[in-house]
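Here come two complexes built around chain A, the first alongside chain B, the second alongside chain C.
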Partner chain A sequence: MEPRLLDDWQGLDLDGLLRYVREVVEDADYPTVRRWRASGGKVVGHFQVYFPEEIAMAAGLLPVKIHGAPIEPRQGDAHFGSYLCSIVKTSLELALSGRLELDMFVSHPICDTARNLAAVWGRNVGYPCEVLYLPQNANSSHSARYLRGEYERLQRGLEAIAGREVSEADLVRAIGVYNENRELLRRLYAIKRTSPWLLGVDEAYVLVALGGRIFREEHNELLRAVIPMIERREATPQDRMRLVLEGGFCEQPPLDLLTTIAQSSYVVDDDLLVGMRFLTDDVPLEGAALDNLAESYLERSTYTPVQHDLRKPKERMLLDRIRSAGAGAAVLCAAKMCEPGLDEQVPYVKALEEEGIPYFVTEFEESMTSFESLQIQLETFIENVLFAEA
Partner chain B sequence: MTYYAGVDVGSTYTKAVVVGDDGEIAGRALLKTGFRLAEAASEALESAAAAASLEPGELDYVTTTGYGRFQVSSRQLNVTDLTAAAFGARFLYPQTRTVLDVGGQTMKVSRVDGTGKVVSFRLNDKCAAGTGAFLEKTARYMGFGIEEVGPLASTSRSDVSISGVCAVFAEAEVINHLSQGIAPADIMHGAIASLVSRSVQLMKRAKMEPEHTLIGGILRFETMASLLRESLGGVVNVPSTDDVQHVLALGAALAGRQRHRSVLAGRVHA
Partner chain C sequence: MTTSTPPPPAATSQTGEHPLIGRGNREGNQLFKDWYGRLDAAAERGEKAAYVFVMGNAIELLESFDLPIVHSEINALQTAVRHVSDSYIAQAEDHGYGTDVCGYVKADYGLQLRGGEHPMGRIPKPAIAVYTGACNTYIKWAEIWERMYGIPIVTLDVPGPRAAGVLPGRGNRDFENDLAYVRGQLGELIERLEELTGRRFDVDRLREVMGHANEMTRDWVRVLELNRSHPAVYNAVTDGTVYLGVVNGFRGRPEGARYFRELVEELEHKAANGIGTPFEEQHRLAFVGVPCYPIYRRFSEMFTQHGGIFVGSSYTWFASGGWSTGFEYDLDHPVESLAEGLLVVARASMDAMFHTDRILADLAEPFAIDGIVYHAIKSCRTVSAGLADSRRAVMEQADVGTLLIDSDHMDPRVVSEAQMKNRVDAFFEGLETRKLLARSAS
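Let's turn to the complex of A and B:
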């Protein structure tokens, strides 16, 4: 097993454990990464949305998911205009302020802003910064072969950082660990769907987000322990609206915003940190590992506004998500200045209106600190729906 | 008989109401909220249940509202002040289209449609100037308590202007008026007139429509109600002094009654 990077959490009860996980996730100084680097370990940071962490783990590197932070982008602001989203600025701030030390950074051209991130990042740090080009056209017969080529290029870069070659056995072992992680995260989300009073959207979020800061074996160990504790939790179901929350695929809403939403509704499904749950099924362990990873990305994956796959119209996928979760309404939130997220609201709204599904549209920013207005708007929306049902 | 409780955990007072199937009030309670919101809610609930000759365990459905609505672990449902106000006001005055709720620390206006749905609302800024706290501070500067505001203002003989821009700056205005020999009753009347002016501004922003229903603890002061009636014109409903502070609790109980019936009827799942 890879090194443990968390403090000893085994003796904690559920509430204590959730508090501890939240502290780790909210700590913009990345204590787990510091611990790993202090032991001589190397770190690859990757920007939203999806990254094949299995390859990094196979190389013995700690993959760290970078999704902004609730910090003031003092230096980040100097590199990106005010008309751009917050997440690129706070992510860069993590590096420039020395909070997050990396050995390699990887970004993806998911939008106009993010496609320049690796270049800007690379001009200001002393380690390699790469762009991983995931296929723009997921429907071409050449997409899988192309993506495998990109994964091979990525692997070579990671091997150079790690100072060793990655074997097929390394990859298969890593895929096995991530398959278990995917299964555990599916179980976590199943609890949200079937017994949402047992697990708030904010609590589920921190449990998922933790996986972006430690090795997945340790994450698996913690999830294996915490899921039965959640299932045994004593909590009384309340009469609340079941919602799907859509819009957290890249920049993440502040945790306090999620807590606010959780006070008045049950969020039974969402796309928060969806990149960590992007592959919806196990990656096969038989056959060439990189081929399997590439094929899974194309054939066994969910949807986001930054992946364009004609087989997965996003509005239809959203309706499926709402129906399969038994939700009565949707909350469509987009990060301020997020073009893909805001664009996608148009077909989402059209589809929801055609289907007669109530929806609530709002915007957020990771640095926002006042939620009263949004809370009362959301609650009033929920109550109008609840009492219109009668 | 099925019993429904509504608890309004306000920033200053906590109110509880128990209603039966017919919606008529079977028991009520009112106490200072203090710092322990959950305890205040629990105590109010027990008192209201006792007034209805019930044990708290005999309440079939508990709905909370107000500032501390999330603090009551025994609740089945929580609703915003806006929804509770809509239910309560429309139960008392079915033609209500605009509700003004002036409480100790908030002022809210909601516009409701013919079905009771809240279609728009406006809240005051984070400022005491548009709330009961403004009147309380003004009274305190002059050595009076909040309960003396109504009787004091009712003896006013001539109005004086209080800007009402800020509860803190109002102190200087009050001291200035007192030093000029102006009667405290006239200053209190001026402070209420200032609050009325702010209320009407907020109602205009919410695109108010008649009938208007005025609720909240500050409406128990007759001067406030009469000045608002003059400003608004048309049909202006003000519940009795006994009811005016309990409208949110009543509305919460009635919202719970509607929801509970829908759940029992299987029209919705809880």
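Let's turn to the complex of A and C:
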């Protein structure tokens, strides 16, 4: 078992535990990472959306998911031009301000801004910064073999940081831990779909996000404890609209925005931090581990606006998500200045209109602090839909 | 480096100017008109085209199947140069594309809604789109065509640079992994093109096209190098954009190879005779980014009126698709070499955008640069996201004047000309002061 990085939470009741998890997730000083580093541990930070954390864990490194922060990008701003999304600025701020100390940083070519991030980051810190080039042609029969090679390259870099080699057994053990984590996250999302009154979108969010800051064994331990508590929660179902929230694949809406949405509706599915749930099934434990990870990325995975797979048209996938969650409407949100998110809104709207599914379109920024206007607009939208159905 | 033909005797025309001078721009513009004329004729005949982008496109292969080729970025920027981009963009915004979406994408969306109506002629509809991920928006853009026309879209995924200064070559296992991936995809594309056109792949035709491309590449590298001359023999932003048009539109065609052969002749003549641009050169500048097309002429004048001449430009690196690397195909192994070329040049394109601080090393000393102008544009985060940081890095490394301005290359609403001019004027005052101080110190 990897070391525990959380405070002792075992005695807390559900509300107390959710409060504690939220505090950890909102703490831009990354106390769990500090604790790990204080014990001599090394850390690899990876930017949105997907990263094969199993390889980092197998090397004995703590993989930390970097997805911006609710902080003022005082230094980060000066390193980026205008017209860019907030998440790259606050993410870099974490490093430049010393809040988040890393031994390696990895970004991905998910969008035109993020693919510059490793270069910018690398010019300003003393540790290795690189791009993990996940395949953008998922439809080629050569993609899996290529990705396996790319994972081998990544593994060599991680081994250099860790100062030790990764064995096949290390990888298989890590995959097992992550398979359990994926299963537990699926159970969490099943509660949202079947009994959304038991678990608000903001509560589910912090429980998922916590996994990006601690080892997944500890995350599994916490989820194994908290899921039965949620299932036993005393809460009365209310006559609220069931929504799917789409647009949180990279920059994250502020938690208060999620709380605002949760006050007037049930979010029964979403793509918040979807990278942590990107693989939709267990990664096989038999056979070569890196092959299995590569194949799972291509063949057993969900969708986002920044992964390109002709077998998974995004609008059809969204409709599937809405139907399988039994949702009656969709909230389409895009982060300001997010080209892929904004591009995708047009076909999403068209598909929803063709299917007669009500939708609400909005933009957000992680730094926004006022939600009254959004709340009024959303409530009006919901009332209109309910009146139309009556 | 290419072998150069000796400059011809400095004969002059009746107007007192050597007939070679200005030929590159005149013929480049004519080639461009001819190119659009061919596309217009193809559209009239109802032929469909292969849609591509400038960074990584395998047009040699498409050309070997005799497909008309449409460069969608060039179509889009031409609407800006001709001051009509706003109406195309507005049409896309009416259909839901937000103000923060790339102006190229929106102008093209408007173009498609108009049935290909373009200021330079009618643009054929697509039969297929082939693109790399050198710019992520290429992929989102192609998805629009897929939805609009139901055409096949093919991502030729070319892995980019993983880190600054890490560009491995043959024999390196990571390079070989990338190359096998690109080669495999290329084979799949060939099969797709055979299905689409009903024609067998003709390796000899490909070899012929690649031979023309090699000739052009040799001369393109020579053109870039010739601007080390004092004075510079062309303006890398204005004249350079004409040359870029030919690099992209005519790679693999005999007229493209001929054009660059003759351009080298012209520029070598100018270099040998100390002939510069029409403006008196007082400051030698490097340009990083994409020109401001909505005010293209006035943008250039902001610099030339101060004697600022762009002797080098990162645009000529990445927007030439990376051919400034000088990669030449091995005609004995055309398909293998096409894959390697695609990997090497598309990766170089990306490197020229993400690691623009290398412009200092590549240009500053050999081209005797006085100042660097960074032009960040709202539309293109690929090019612009790292410019502010890159500039900081350059300023820490060298004593060179720099200017960072931002606007857009498509959307006139984002261009604040007066504000831009104030900043450019101040930049030149700074350059003058630097030179005065340097002179007094020496």
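The rule is simple: the second predicted complex is superposed on the first by the 390 of 390 C-alpha atoms of A that agree within 3 Å, B and C clash if a C-alpha of one lies under 4 Å from a C-alpha of the other, contacts with A are read in each partner's own complex, and residues count from 1 in each chain.
In this section, a residue touches a chain if its C-beta (ideal position, glycine included) is under 8 Å from a C-beta of that chain, and two chains touch if they have at least 3 such contacts.
Since the model is a prediction, treat every value here as computed from it, not as a measurement.
Q: After lining up the shared chain so the two structures overlap, which partner does A:Gly163 touch, if you call chain B first and chain C second: first, second, both or neither?
A: Touch status of A:Gly163: no partner.
Q: Please indicate which partner A:Ile376 is in contact with in the superposed arrangement: first for chain B, second for chain C, both, or neither.
A: In the superposition, A:Ile376 contacts chain B only.
Q: Could you tell me if A:Gly98 is touching chain B, chain C, both of them or neither one (first, second, both, neither)?
A: Neither partner.
Q: With both structures fitted on chain A, tell me whether chain B or chain C touches more of chain A's residues.
A: C
Q: Taking the superposition on A as described, I'd like to know which of chain B and chain C A:Pro237 touches: first, second, both or neither.
A: After superposition on chain A, A:Pro237 lies in contact with chain B alone.
Q: Both chain B and chain C touch chain A; at which residues?
A: none
Q: In the complex formed with chain B, which residues of chain A make contact?
A: 237-240, 263-264, 373, 376, 379-380, 383-384, 386-390
Q: Provide the residue numbers of chain B that touch chain A in the complex, in ascending order.
A: 70, 75-80, 82-83, 115-118, 121, 123, 255, 258-259, 261-263, 267-268, 270
Q: So in the complex, which bits of chain A are touching chain C?
A: So the residues of chain A in touch with chain C come to 78-84, 88, 109-113, 115-120, 122-124, 128-133, 135-137, 139-143, 145-146, 149-150, 152-153, 305-306, 308, 310, 334, 336-340, 342-347, 349, 363.
Q: Please name which positions on chain C make contact with chain A in the complex.
A: It is residues 95-98, 100-102, 105, 133, 135-137, 139-140, 143-144, 147, 153, 155-157, 159-164, 166, 173-174, 177-178, 180-181, 184-185, 188, 350, 353-355, 357, 376, 378, 380-382, 384-390, 392-393, 404, 406 of chain C that touch chain A.
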